[in-house]
Amino acid sequence: MKNGSLFFLGLFAALGLAWVGIVVSSNAQIGSLAGYYDDTDSTSYPARPSGLAAQGALVYKDLGCASCHTQQVRRPGFGSDQDRGWGERQSVARDYIYQTSVQLGESRIGQDLTNLAGRKPSAPDQDDLLHMLYQGQGAMPSYQFLFETHKIQGEASSEALKLTGKQKPQSGFEIIPTTRAKELVAYLLSLNTTYDYPEAHPVAGAKGEGEK
Amino acid sequence: MTHASTSPSADSADQTPAESTGRYPLLYLLGSSVLWLVVSGVFALITSIQLHTPSFLAECPVLSYGRVRAMAETSFIYGWIGNVGLGLALWILARLSGEKLRGANWVFVGALFWNLAVTVALGGLALGDLTSISMYQLPSYVQPLLFCSYGGIAVAGLLSWTGRRREMMFASQWYAIAALFLFPWLLSIAYVMLECSPVRGVLQAVVGGWYAQGLWTLWIAPLALTAAYYVVPRMSGKVIPAYDSAALGFWTLLVVGGWTGARHLIGGPIPAWISSVAIVMTVTLVFHYIVVFLNLRMALKGGSLSLGFVAIGLICYVAGGFVDALTSMRAYAAITQFTVYEDAQKLLALYGGASMMFFGALYFALPRLKGAAWSSGALIKGQLILSAVGILVTVLSLAAAGLVQGNALADAKVNFSDIAVQMRPYLLVASAGQFIILTSSLLLAVNFLKTVITCCCKSDSSKEGALAS
Amino acid sequence: MSNSSHNDSRFERAANDDAQVLDSHEKALGPQKDDAGNYNLRPLLMLFLLSTFVLFAATYVNRYSGHYSASIYNETALPHTGAEVVVKADPVAAGKKLFNSPGACYSCHQPNGQGIAGVYPPLAGSEWVTGSEERVVRILLHGLKGQVTVSGTSYAGAAAMPAFGTAGYNWTDEKIANVLTYIRQEWGNKGAVITADAVARIRSQAGDRKEWSSTELLQIK
């Protein structure tokens, strides 16, 4: 290797080819996916997140929730994602088109949250999630900085957490979720991928593993 | 074949114009790298403890797991690897050019702002400006600064290369130039596609994966190999075996590396072809690792502490490549994906592979740059032993924890909350390993500080004496 | 290493200098001695090895790329190879959605198909639902008004069944076929599938008209 300009050209081509081959081509392919309009219920899927949920997505991102939680369900044969009730079908690209900052995640110290609000038979509700955030559970730390302890003035707040045992605040005080906590929970409750897209159907006769 | 006994070094202090011109900027780069290494070690230890004891520091939002993890990664990659890799690459390019280091002042200014950018990035991460994209945990406002300051540093390397006395290029020069040239492209493309006009949906993950794998194969690995390919022939005095295949190994890394982007998206919500391409490219990359092993195997004979570091680095680098190829296959990925096994792989490559090569070259470079010996030989030996033990303990325990986690996750009958309990003993060992690694980094920091301070005090009066010892 | 005896670990002496490194490696890439016993097989072997990797890569991608289709997420699947049969939607599932869509069937006939005693007749176990497809399609297309007897109980006709055909909600043939197939196979009903073609045929036969009465319908077999 003595020819400097040829060497540079090689470097540039190496990077450029990979970029075109992976990034540009996949962008051309799925970069402008539209929602799927279902004629039978006259609705387009996925649903756009509400304003509060969009705010909550920012809280999710800034606390780094994605370092423990994934948001992608794999098809049967890849782990037990669906057997654990995390979703009834595999996640597809269309699920994410309206998320401003996609949080696929790379680690499952915590559970997968793709379809948290659509889980069957019972999905957690706002109360469950607020309690889990306040108390922590298993490998999940408590996020008490998302809550405030107030002195009860007059009537107790309807938003106050109903806690028992050691975590119960001293009498005369109550624990109220902050706006951030409420946004985060609204976001978590917007995670719902129950709608079945045609491309998410597993193909018959191909349930086995990919490897030879 | 040149041999040491027949042709000793011209100058016993091994000084060239590269040292006299580049001394202060390069020492600044190396010094700040060591500081970041210690900082990232502390963060890594905190996250490691939080994995088995979630309540550790949990009441403080700044030190919540997600943020500390991001800070550990950013200070390690952009603080430690960025500084040490660029510092060594500039030094090696200047020495091989046979000329002085041109643009040394620009290097100094660039390095100053680079470290400022890393500091601001850490502050931003602590306050929650995360991207949640692995290896790209950079708040959007530091990237222009990183980009510009990088220009100041890298331009000196390019000048050294274009102004080289000999037309030929040695392997270290290929790798160094490739790394210097490709990083700004990677960073700016990722910046445009993720921050300026973000791509839609899962493509963000594709771009993020492309950047992360590109950063490893096109920047970190070439910087580490720059150092290794230089130290091995210098210390052994022999020609690199199978040197005619080295170019093949180089181009394999460069051409194939950028395609491995979707390596961590196997089974994910992207069309199958994207991950299939990543799998075959990761497997093909094994060829590169074979070539590197054939080339650098002389390091395994040892004989010096610098070579000892490079030898461990070589073993980890090659082992990491093989493990990477294996776990990219879908059948294995289904188990190891989303587990701490991937943390073990990252540690094996980034710390065991790249960093150990940097340590070897750092121990070789500093006495020449400073014109004085290291303050303590025992501390060097201590770091070698501790870092080797630390890598072994941490990588093995994390890998074991990851396999336990992966198998438990794959079995729907295992209660999810039991998985953390099953992993706990291994994670405790991993924390011990992280502590050993941090201790080894501290030994380096102490030795570095003592060397620089002593030799600054003595530099006028007893420089000759220090060299003679 | 020959000079390791004077090698201090605090300042490890190099075995050569930069120029020697460059020299020796330039020579290593230049023409080598080509003596008979000195033939080096390794460069050839390395090329062979690289080709093996490339061959593997090409074969694998060719097999597991799903023909680079944007909608193939399972790498073992191929587009246009028998997969088309599977993509067909399930009429019962689609019909269930329609039945329960806002303001539709369920609001009168109830999600359990039992209706409301005395006002809305049940669909579960109803001979009108599971019987002749000619009648049930007509009821849906044009509506039903007046007295009707279902499963032996007489309903005086306090409420009328609205039309879902052109005169009413204007559902497509396919939607009507789906929802009818659903009610004919749910709640223990065991009626045959109704196809969109059948609905289209009856729609064109009957033309535009107002609600049927039960006596009119009973004349149709």
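As written, the chain order gives the labels A, B and C, with residue 1 at the start of each chain.
The rule is short, and it goes like this: a contact is a pair of C-beta atoms (placed from the backbone, for glycine too) under 8 Å apart; a residue touches a chain by one contact, two chains touch by 3 or more.
Note that this is a predicted model, so its numbers are computed, not measured.
K.L.:
In terms of C-beta pairs in contact, which of A-B and A-C ranks higher?
P.N.:
Per the contact counts, A-B leads.
K.L.:
Measuring centre to centre, with centres taken as mean CA positions, what chain is farthest from chain A?
P.N.:
B
K.L.:
Report the inter-chain centroid distance for chain B and chain C in whole angstrom, where each centroid is the mean of the CA atoms.
P.N.:
Measuring from centre to centre gives 45 Å for this pair.
K.L.:
Report the inter-centroid distance (CA atoms only) between chain A and chain B in whole Å.
P.N.:
31
K.L.:
Using the average of all C-alpha atoms in each chain as its centre, how far is it in Å between chain A and chain C?
P.N.:
Using C-alpha averages as centres, the distance is 22 Å.
K.L.:
Quick check: what residues of chain C touch more than one other chain, meaning two or more?
P.N.:
In chain C, residues 64, 68, 70-75, 77 touch at least two other chains, as defined above.
K.L.:
Identify all positions of chain A at which a residue touches two or more other chains, and write them in rising order.
P.N.:
29-30, 75, 90, 92-93, 210
K.L.:
At which residue positions does chain B touch at least two other chains?
P.N.:
Residue numbers touching two or more other chains: 168, 269-271, 277, 330.
K.L.:
Touching chain C in the complex: which residues of chain A?
P.N.:
So the residues of chain A in touch with chain C come to 29-30, 39-42, 75, 90, 92-93, 198-206, 208, 210.
K.L.:
Under the definition above, what is the set of chain A residues touching chain B in their complex?
P.N.:
Within the complex, chain A contacts chain B at residues 1-2, 4, 7-8, 10-12, 14-15, 17-19, 21-23, 26-27, 29-33, 61-68, 70, 72, 74-75, 77-80, 83-84, 90-109, 111, 136-145, 209-211.
K.L.:
In the complex of these two chains, what residues of chain B are touching chain C?
P.N.:
Checking each residue of chain B against chain C gives 1-5, 7-10, 12, 14, 16, 95-96, 98, 166, 168, 170-171, 230, 233-240, 242-245, 248, 252, 269-273, 275-277, 279-281, 283-284, 286-287, 290-291, 303-306, 330, 363-364, 367, 372-377, 380-381, 467, 469.
K.L.:
Would you tell me which residues of chain C are touching chain B in their complex?
P.N.:
Of all residues in chain C, those touching chain B are 1-4, 7-29, 42-43, 46-47, 49-50, 53-54, 56-57, 60-61, 64-75, 77.
K.L.:
Note which residues of chain B are touching chain A in the complex, please.
P.N.:
Result: residues 50-51, 54-55, 58-61, 64-67, 69-70, 128-132, 134, 161-162, 167-169, 174, 177-178, 181-182, 185-186, 189, 193, 198-207, 210, 214, 218, 247, 251, 254-255, 257-259, 261-262, 264-265, 267-271, 274, 277-278, 329-331, 334-335, 337-340, 342, 405-406, 409-412, 416-417, 419-420 of chain B touch chain A.
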